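One chain, chain A, appears in both complexes that follow, with chain B as partner in the first and chain C in the second.
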Partner chain A sequence: MSYHFNFAPILAQWPLLLSGIGLGLLLALVSIAIGSLLGLVVAFATRAPSRWLAGLAFAWISTLRNLPILVIVLFLFFGMPQLGLSLDKINSFILALSLYTSAYMAEVFRAGLLSVPPGLIEAGQAIGLTRSRIQRDIVLPIMFRNALPAFGNNFVSLFKDTSLAATIAVPELTYYARKINSETFRVIEVWLVASLLYIVCCYAITLILRALEKRLVLEAN
Partner chain B sequence: MQWDYFFDQVLSHRDALLQGTAVTIGVSLSAIVAGTLLGIAIGVAVTYGIKPLRWPARAYIDIIRGTPVLVLVLATFYISSAVGLDLGAFQAGVLALTLFCASHVGEILRGALQALPRGQIEAGRAIGLTFGGIFRHILFPQALRYALPTWITAAVEMVKASTLLSVIGVAELLLTTQQIISNNFLNMQFYLLAGLIYFLIDFAIEQVGRYVGRRLDRPARRTT
Partner chain C sequence: MTPIVEVRALHKRFGELEVLKGIDLVVNEGEVVSIIGSSGSGKTTLLRCLNLLEEFHQGEVRIGGESIGYRQRNGQRVRASEREIAGQRAMTGMVFQAFNLFPHMSALDNVTLGLTRVRGMSRRQAVELADHWLERVGMRERRDHRPAQLSGGQQQRVAIARAIAMNPRVMLFDEATSALDPERVGEVLETIRSLAQEGMTMVLVTHEMRFARDVSDKVVFMDGGRIAEQGPPATLFSTPESARLQAFLKTSSL
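And now, the complex of A and B:
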């Protein structure tokens, strides 16, 4: 049980670890952007007058939320080529993460939509706004502001899920951590450093989003 | 024709698939039970503990929740063998999922306990209950009602997270699926099948949660 800590071999690989976390952040940003757009469409679809469309939207949310993200990742990367859709590993992972997060974002936006007071929509009608202007100038801004805290939580989860890209050999942080682990055998050090990097990034994301929330609330007042 | 072959393959591998599903359920259930017990202790410590208890509990929650589950699984697996703890992949995996589950349950319970009015603790003290009595008879039953829907979500997350044990070689449903695929190359079909099984397990948990949530909700709404 005498383990001698030696961080030098890990710190020697610092640029790799940083590029790994950079790629992870990039994957998360692209996926949250696509996933939010898709989620917004799905959220509006759940309130569509057509019951068929609303049912489809609810099925979308329920299916993707109850599937393990790793199964989606592997299905898209290994299974889809059989149907003639071959994406490279990064694009395929982004697609998996975007689909997965679209279900969660749809729930967030749906809750945001439900929290828009009906009186405000009636007020919009009373002053003669068209339906699309009510949606654009009243519903959407209030919905986004209400959705922001949950959006932040989802983004942090999404960022942590980028670690799964390691399973299809996308060179992000977890991939490099495993590589350094098997090359140097500095087992404890490498996993300590890797989790510390994740924790710091998650914390930084949380702080940034909290600051953003505060600014938006101030603007509202 | 490929689908005929697929159904043929499902039939011939049905024992392995059932076994994998059983391991997935077993792993998830162990982690949920152990993680919930540990999580209750952590949630209580973080809400009502004295400082030397509260801070480590807070740090535990923040550290585990800031780390991806895959990193947690890999770290537990590799570190346990590096420090001479001879855990197999199965135990290391269950341990990692338990630690993960405990951090979530701790945070869920903290949220629920803090939502309760402080006056209730004072009322409990006024009628001479000890803290243990107050917690058992007043706080916990009410917190349970707040926490249950989120706890069910956490249980679904645990089943989903159990797929990560395939990475360290635990033959749960996903790894079993991958082994079958390496024999017959039916990637798309077998990943779909695995997805369907996971969906059914998670959907069932979700429905049970909804049902229990409705039952718990009813008396409370009647009285208020």
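And now, the complex of A and C:
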């Protein structure tokens, strides 16, 4: 085997690769923000007194979790215009990833809610806090802290899913890697560089979230 | 003597099971009343009815003369609004077996939360008052510690400060020392005793018979959802009338 590596043609395209990873991060951040808010609402809905609403929330979670993300992406991008609702490719992908995220985050937050000991809610009641105060001052802060490790795992996994945006020509890292691949035919080099960029980014995200966890997660009693 | 707690013909069911079968009890201002009895006798449930952590199905509970939890509307008994109930709960202070301190807050913030959110105090006023009570229970120098950094006894003392800083009409203690290591029980009992000596009205559910005998003005023995016997500790512990109380006292070390 005598393969001669030649990274020069790929490194010449640095700006493209960087803008690709930048867009990927942006897509992940926006989708995770929207998806987490939506997931929080869904998580609370699973505990609603109304059976109908709780059922709807569980149906939401199981439907989206049983769909491959690629199917949601393609369905929204190609299907929605047929229904008269065209979004451009970036917004369409953000919508797809946000919906997908919402189901996973709903599960993360639901587990977080279940982890809040009922005794703490009673302690809040006993000092005369109203129901909404208890949610804001006790349940939510504890839920977020308990949910943080699972939130972090999902964050990394969802960031990697942004590579699927390449299938609808959203110019993120995988899209550019494929483009450079077909222009230079330096197949190994281009995918090695792309892989390295993904690994570095994911690792950085993990480190940042782990530092946050260390500060926030409650030590066991 | 002003009655602070008045319970009349109180009934409570869990589904089919009736756990309180007509309780009548009066606690006067400054009195310390201990409720004793075997587990399942309904003593903790009774205590939790006094601050509406349990609903009840018949009868009435008055705190400071105000009937709590329910109101009559067109001849129907209806549960009071969420806001009213929150206000009524603040008239009592409760100390739990499992301490139930808020784990994401310092000892100080555990105490100030109710003061700012419920009593409407400024942060400064609240901190001043919280410091006073933390000092009183011997926890002021640890006010910035999180609950997980404190021992069980220390946590329970902070929980006492949290409840009493709200200036309740009556303090409720639900087996406040049952979850503590034996060597930590003393410090918490000492704190409770000193509050009792200052004239705080208290209702204690307890397994500490010696303590109940020493601090109480009145001891209530519950059996099978009823008050089987009540009276001053000297009489109740030395000359129990009912066979059930005699048997109960025999099994509990005094």
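By definition in this document, the second predicted complex is superposed on the first by the 215 of 221 C-alpha atoms of A that agree within 3 Å, B and C clash if a C-alpha of one lies under 4 Å from a C-alpha of the other, contacts with A are read in each partner's own complex, and residues count from 1 in each chain.
The definition used in the following text is that contacts are C-beta pairs under 8 Å (C-beta built on N, C-alpha and C of every residue); 3 or more make two chains touch, one makes a residue touch a chain.
None of the values given here were measured: they were computed from a predicted structure.
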Please determine whether it is chain B or chain C that touches the greater number of chain A residues. B
With the two structures laid over each other on chain A, which partner does A:122 touch: chain B (first), chain C (second), both, or neither? second
Is A:131 touching the first partner chain B, the second partner chain C, both, or neither of them? second
Touched partner set for A:208, first chain B, second chain C, both or neither: neither
Mind working out whether A:11 is in touch with chain B, chain C, both or neither, as first, second, both or neither? neither
On the A-aligned overlay, A:85 touches which partner chain: chain B = first, chain C = second, or both, or neither? neither
Give one of first, second, both or neither to describe whether A:178 is in contact with chain B, with chain C, with both, or with none. first
Identify the residues of chain A that lie in both the chain B contact region and the chain C contact region. none
Under the touch definition given earlier, write down the residues of chain A that touch chain B in their complex. 1, 3, 62-63, 65-72, 74-75, 78-83, 160-164, 166-167, 174, 177-178, 181, 185, 187-188, 191, 194-195, 198-199, 202-203
Residue set of chain A touching chain C in the complex reads 117, 119-120, 122-131, 133, 137-138, 141-142, 145, 218-221
Footprint of chain A on chain B - complex, ascending: 62-63, 66-72, 74-75, 78-79, 81-84, 156, 159-164, 166-167, 174, 178, 181, 187-189, 191-192, 194-195, 198-199, 202-203, 206
Using the touch rule from the top, collect the residues of chain C that touch chain A in their complex. 51-53, 82-83, 86-87, 89-90, 92-94, 96, 98, 100-104, 113-114, 117-118, 146-148, 159, 162-163, 166
